[in-house]
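Both of the next two complexes hold subunit A, though its partner changes from subunit B to subunit C.
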Partner chain A sequence: MANPKDKYKIPVLDGNIPIPKIVPGASAYEHMVEAQKVDMEALGFPFKLKDGWKEKAIGVFKEILDNNKAVRDYMDICVRCGACTDKCQFFLGTADPNNMPVQRQELMRKVYRYYFTPSGFFKSLSNSQELTEEVLKDWFTYFYQCSECRRCSLYCPYGIDTAEITMAARQIMDSIGLGQKYATEVIHKVFKTGNNIGIPPLALRNTLDDLEEEIKDESGKDVKIPMDVEGAEVLLVPPSADFFAMPHMESLKGYAKVFYKSGISYTVSSYASEAGNFGMFLGSYKNAKEINKRIWDEARRLKVKRVVIGECGHAWRAAYTYSNTMNGPFDFLDSKYRQPMHICEFTLGLVKDGVVKLDPSANDDKVVTFHDSCNVARGSRMGDFKGGQIVIPRELIKAAANKFVELREGTTKESTYCCGAGGGLLTEEVMNLRLAGAMPRMQTVKEAVDNHGVNFYALICAICKTQFSKIFPLHGFEEEMVGGIHQLVSNAIIL
Partner chain B sequence: MTPLNLTTAIFLFFTYTVGLIFVIAVVLRIYQYATTPQPIKLPLTPAPLTAGGAFARILGEVIFFKSLFKSNKPTWLFGYLFHIAFFLLIFMHFLRHFIYANPLPWWYDIFVDIGIVCGITMVLSLFFLLMRRVLVERVKFISLFSDYIILILIMLIGLAGLSLNYVISPSALTVVDNQLDPYMNGLLNFQFTNIPSNPVFLIHYTLVLLLVLYIPFSKVMHFVGIFFSPTRNMVDNPEEERYYRPNAKDLSI
Partner chain C sequence: MAEFDYNGKKIETDDEGYLQNLGDWDKGLAEVLAKQENVVLTEKHWKLIDWIRDYFIKFQVAPAIKTLAKEVMSIENLPDKKEANKFIYELFPEGPAKQLAKIAGLPKPTGCV
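And then the complex of A and B:
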């Protein structure tokens, strides 16, 4: 049995994030496994390339250009100034030039020039390129080496969003039968069971019973995690990893204790047992809407007054941005509250009102730092003020723990690095890519550990938690350092 | 009125043709950007919560290149110098037409000197931007033929313009100046006169026509596109106000 350390290319941690010399094709070998027939069909996509795929692809491309202002605009206006070239964690980690955001975009832009601009006429001069199987192969490789974290867009003088271009490319590929196994399989599971992991209702109830017992053993209190209860005040929708994965479950315990202490009735749902929305990763409006719809159908059925979303990055962006647009309006819910609301805002509100009391000294064994999740920091908001998504999690951490240090400046808040596994990359076959993508963040972690003795790495994203639980041990850090903010709350709450 | 020479006839034809193509192509492009629907909200957060705030954000990008400043200081500095100089030069070329009278205002020489400073600044900053494309490995890798062409074209325009002040004799420049004013008037009110025949001027003029013709089909359209960039111009209020575009097809988000 090979030691995982021999199996993977593990970056050396010395605290520096140098800009690498480019190595063409350096990460060309990292491929996703192609989607299975049953999953593609469940999502409404064909399976495998068929005759006429090229015309179909260009047709879909045209439709996207005609119906998506972002893609339409961003295809034209890049001036290749290079501001983004050293901003993507996947380029910093792999040195592959196709992982420079502008070059990733160029994979699509050169096809755009060929079919949709007059300069496509001057083929060699304008770098325009017919959509061939060769090009499609590059697309499948490199548009699945982007985690749609939008760090490049922050630094672009025009705000060009590579995530939008990645989504459009994935959408074109899916519509001609070239899909990614991981994300399509996950979405198919949501349609079958209500969550990404495929836990059926009875198994979910069993897990919740076990958790209730655990809390009882630890605290002596009868903290309940109700499921499918009609008439509860709050529908709580955590990412499904919170039900069974570590350290995610520790945060679920935290949510449960907050509800217990506040006396607000709540329920989770076996039908909408997933906050995550992988439809976003595919860039598929239809699938994103279907997944999101389950939450609001369930809110109607269970007659709740409000919806609260658990700790998950892209899930929060999807819930925050898409819900009202895709499945609103929510006039059947209580208009006093934000719909949906993030669990951090929910808990912090109760703490500030004095309903829930936290004893931060319970976490005195921890020096805490916080990793802003890309989709929260750059794609959403908490609270009713600009930047709430940056401030509220920090305030909650400081309420729950005494020792808090920030990670290196320029890599936090809206400038945060992605964990390296978002956007549908959280899959085993691209482990080396995940290691490379996590490298910039791990350098800052190394620095925080060395200089400040950090021993708890607080997160609010299920994907970040899974990714770093895997990456930390490979770098020689304790897996137990990784945890959620509500894990801190769970320790600190006075029941 | 002197009869028009062949050179003038040719330049008149191309000036109007290029002008027409430019206006039509740019207007069409603006129409296209403005009318393409945006399926979902997409502001890059933290983003303004009001329309006024979002507009101010766009102005911050247009006037100060705030995001570029955040990402790369040298590129920002030289990019900014270039754009300011370029913008001032265009503005002063138009302005010149209105202040060129007989007798010249006392500050005309200062006006010209400012123009020359702008011209030199523009050419030097373009040279830096060009060197960046040649010398910085990553930027060299991403640069396309068209990226070099546009830099060189604008540089040549600047050099030809400066040559009018430094290469040809002052008396020749005065001749150009005296012929140019009625020619430009003629373009506007269709009372055509001959174009200045100085070859340096004609090179300058021809290159400008080429640039104007090329703009609508090139990356220079970023000057329009930035106003339509959803990550920058959208208000962050998807929960407060329902954003719904029924005409946005259920395709890509």
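And then the complex of A and C:
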């Protein structure tokens, strides 16, 4: 039988993260599968390039420049200082110069100069470039080798955010019929079933029944996971992977136990059964808003007082950062609570108040480390103080486990490396790219395992969990090392 | 999109080899799909293929991993879900989503999974 490992280019782990010598075109072969007609049309996009695509693309580009001040500025203000060049995990992993943030931005900037600056027409003077099919090919390749993690923007003295540029480029491509199958198919599923996976209500209930039964078998307690209950106090919105995959489901058990012990009534929803928001990945405001709206419509319909979001990085960014402008205000909810609230803040609050008791010795078989998810660490906040998104998850881990160590300094907190598959890259066809993007992080994992005996890798993001569950075994680490913070809570909670 | 000939009929798959039309599936086609995945089907594989197809027909989605593991525990008399998962990966080394679903003619599970 073929060994899955033979198919992939697996980076060697020695604990070092060297800056590679550039290899032009090194990852040019990595391509996303193009979107299907049915999905593109469901999202309001055309399918395949049609006559007049170029004018349309430039028109959409102009709209973005007119409406998005940040992107407009980013087109002009880069001074080529090079601070970003070695900060992207995809450049470090692939050595392809188009994966240096400045160069990725340049793919769009040179088209910007051609159409939108006075000197643009004089190609040799301004290094500008007409938008051709050849350029589009590069866009489709390299704007899908960015996970929109924003690590580069942290180091840019001007704060240029490549994620915004990537999102703008994807928006332009989608608007002329060039889409990516994975993200468009997923969004289409949200519109059809309420979640990325396509789980209909009956299947969701069946899954929740199985989970309740498992908790009962393990603990003897009747911990319930209610669905579509009107009048519950809290609407809990996890990423749908929590209803489907491992290790995600272990965290869902953790949330359920926390609610059980707190006595706070809650419900999940079969309509808003997805915290994730792939509309954000496309840079499509319209789709992102539509997906986000489901949560708040459901909060109104079920007459809940609070909304709590599960362990999911970009979901938290979308819900925390964009909800209010997209679909607020939320004056129908209880103003005593932050809306929405992250499940880590929710649980930690109950632990601190003594409502939920944790026995950290239940996790004494584990040496835990924590991977900050990019969209949480760099794209949002948590709680009511600056840096809460960094502090709260760590405090919760330390309440649930006795042995905790940090990953290498400079690769954690707001400087965290991306797992390598965010931003719509979590798809099979670019497994080599995912391995390359995960390389810097995996070097620090190797170090933590070798030096500190780390055997549990705690996460608060569905994408991180899936990515590392695939990547760890390819590097010879146990898949079971990967898990959620609420998996630790689930083990430690005294029921 | 891709296609191949099977018993004189053109079978359409997506770019990753999952059947486009679930109605095309029969046991012979499952053997062809299994061969593409380097999986040799035995009685044990078939039990899971039949079960997951029934599940899909009833629920319109593939089962959650724990639901699958629960079923495997019961069919194979295994002590817990961990053992069941191990068993599933022995049969389908690249995982149930990638190989069991594909061979059973189901669409690829998508999302953050």
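The working rule: the second predicted complex is superposed on the first by the 494 of 495 C-alpha atoms of A that agree within 3 Å, B and C clash if a C-alpha of one lies under 4 Å from a C-alpha of the other, contacts with A are read in each partner's own complex, and residues count from 1 in each chain.
Note that contacts are C-beta pairs under 8 Å (C-beta built on N, C-alpha and C of every residue); 3 or more make two chains touch, one makes a residue touch a chain.
Predicted, not measured: the structure shown is a model, and the values here were computed from it.
S.K.: Mind checking the superposed model to see whether subunit B and subunit C fit together on subunit A or clash?
M.R.: fit
S.K.: Kindly classify A:Asn127 by the partners it touches after superposition: subunit B alone (first), subunit C alone (second), both, or neither?
M.R.: Once the two structures are laid over each other on A, A:Asn127 reaches subunit B alone.
S.K.: Tell me which partner A:Met249 touches in the superposition: subunit B (first), subunit C (second), both or neither.
M.R.: second
S.K.: Tell me the contact category for A:Ile22 with respect to subunit B and subunit C: first, second, both or neither.
M.R.: In the superposition, A:Ile22 touches subunit B alone.
S.K.: More residues of subunit A in touch with subunit C or with subunit B?
M.R.: B
S.K.: Under the stated touch criterion, which partner chain does A:Pro157 make contact with: subunit B (first), subunit C (second), both, or neither?
M.R.: So A:Pro157 only meets subunit B here.
S.K.: For the combined three-chain view, what is the angle at the C-alpha centre of subunit A formed with the C-alpha centres of subunit B and subunit C, to the nearest 10°?
M.R.: The vertex angle at subunit A equals 150 degrees.
S.K.: Between subunit B (first) and subunit C (second), which, if any, makes contact with A:Thr207: first, second, both or neither?
M.R.: It touches subunit C, and subunit B stays clear.
S.K.: For A:Tyr8, select first, second, both or neither according to whether it touches subunit B, subunit C, the two together, or no partner.
M.R.: In the superposition, A:Tyr8 touches no partner, neither subunit B nor subunit C.
S.K.: Once the two complexes are aligned on their shared chain, state how close subunit B comes to subunit C by Cα atoms, in whole Å.
M.R.: 21
S.K.: Check subunit A for residues that touch subunit B in one structure and subunit C in the other, and list them.
M.R.: none
S.K.: Can you check the complex and tell me which residues of subunit A touch subunit C?
M.R.: 1-4, 33, 36, 181-182, 185-186, 189, 193, 195-200, 202-203, 206-207, 210-211, 214, 239-241, 243-246, 248-249, 276, 312, 426, 428-429, 462-463, 465-466
S.K.: Enumerate the contact residues on subunit A facing subunit B in the complex.
M.R.: Those residues of subunit A that touch subunit B are 19, 21-22, 60, 63-74, 76-87, 97, 100, 102-103, 106, 117-119, 125-127, 150, 153-161, 164, 167-168, 171, 280, 283-286, 288-289, 320-326, 328-329, 338-340, 377-381, 385-387, 389-390, 414.
S.K.: Write out the stretch or stretches of subunit B touching subunit A in their complex.
M.R.: My answer: residues 29, 32-33, 36-42, 44-49, 53, 61, 65, 67-68, 70-72, 75, 79, 132, 136-139, 141-147, 217-219, 221-222, 225-226, 228-232, 236, 238-239, 242-244, 247-253.
S.K.: Considering the complex alone, what residue numbers of subunit C touch subunit A?
M.R.: Against subunit A, subunit C makes touches at 14-16, 38-39, 58-61, 63-67, 70, 81, 85, 93-94, 98, 109-113.
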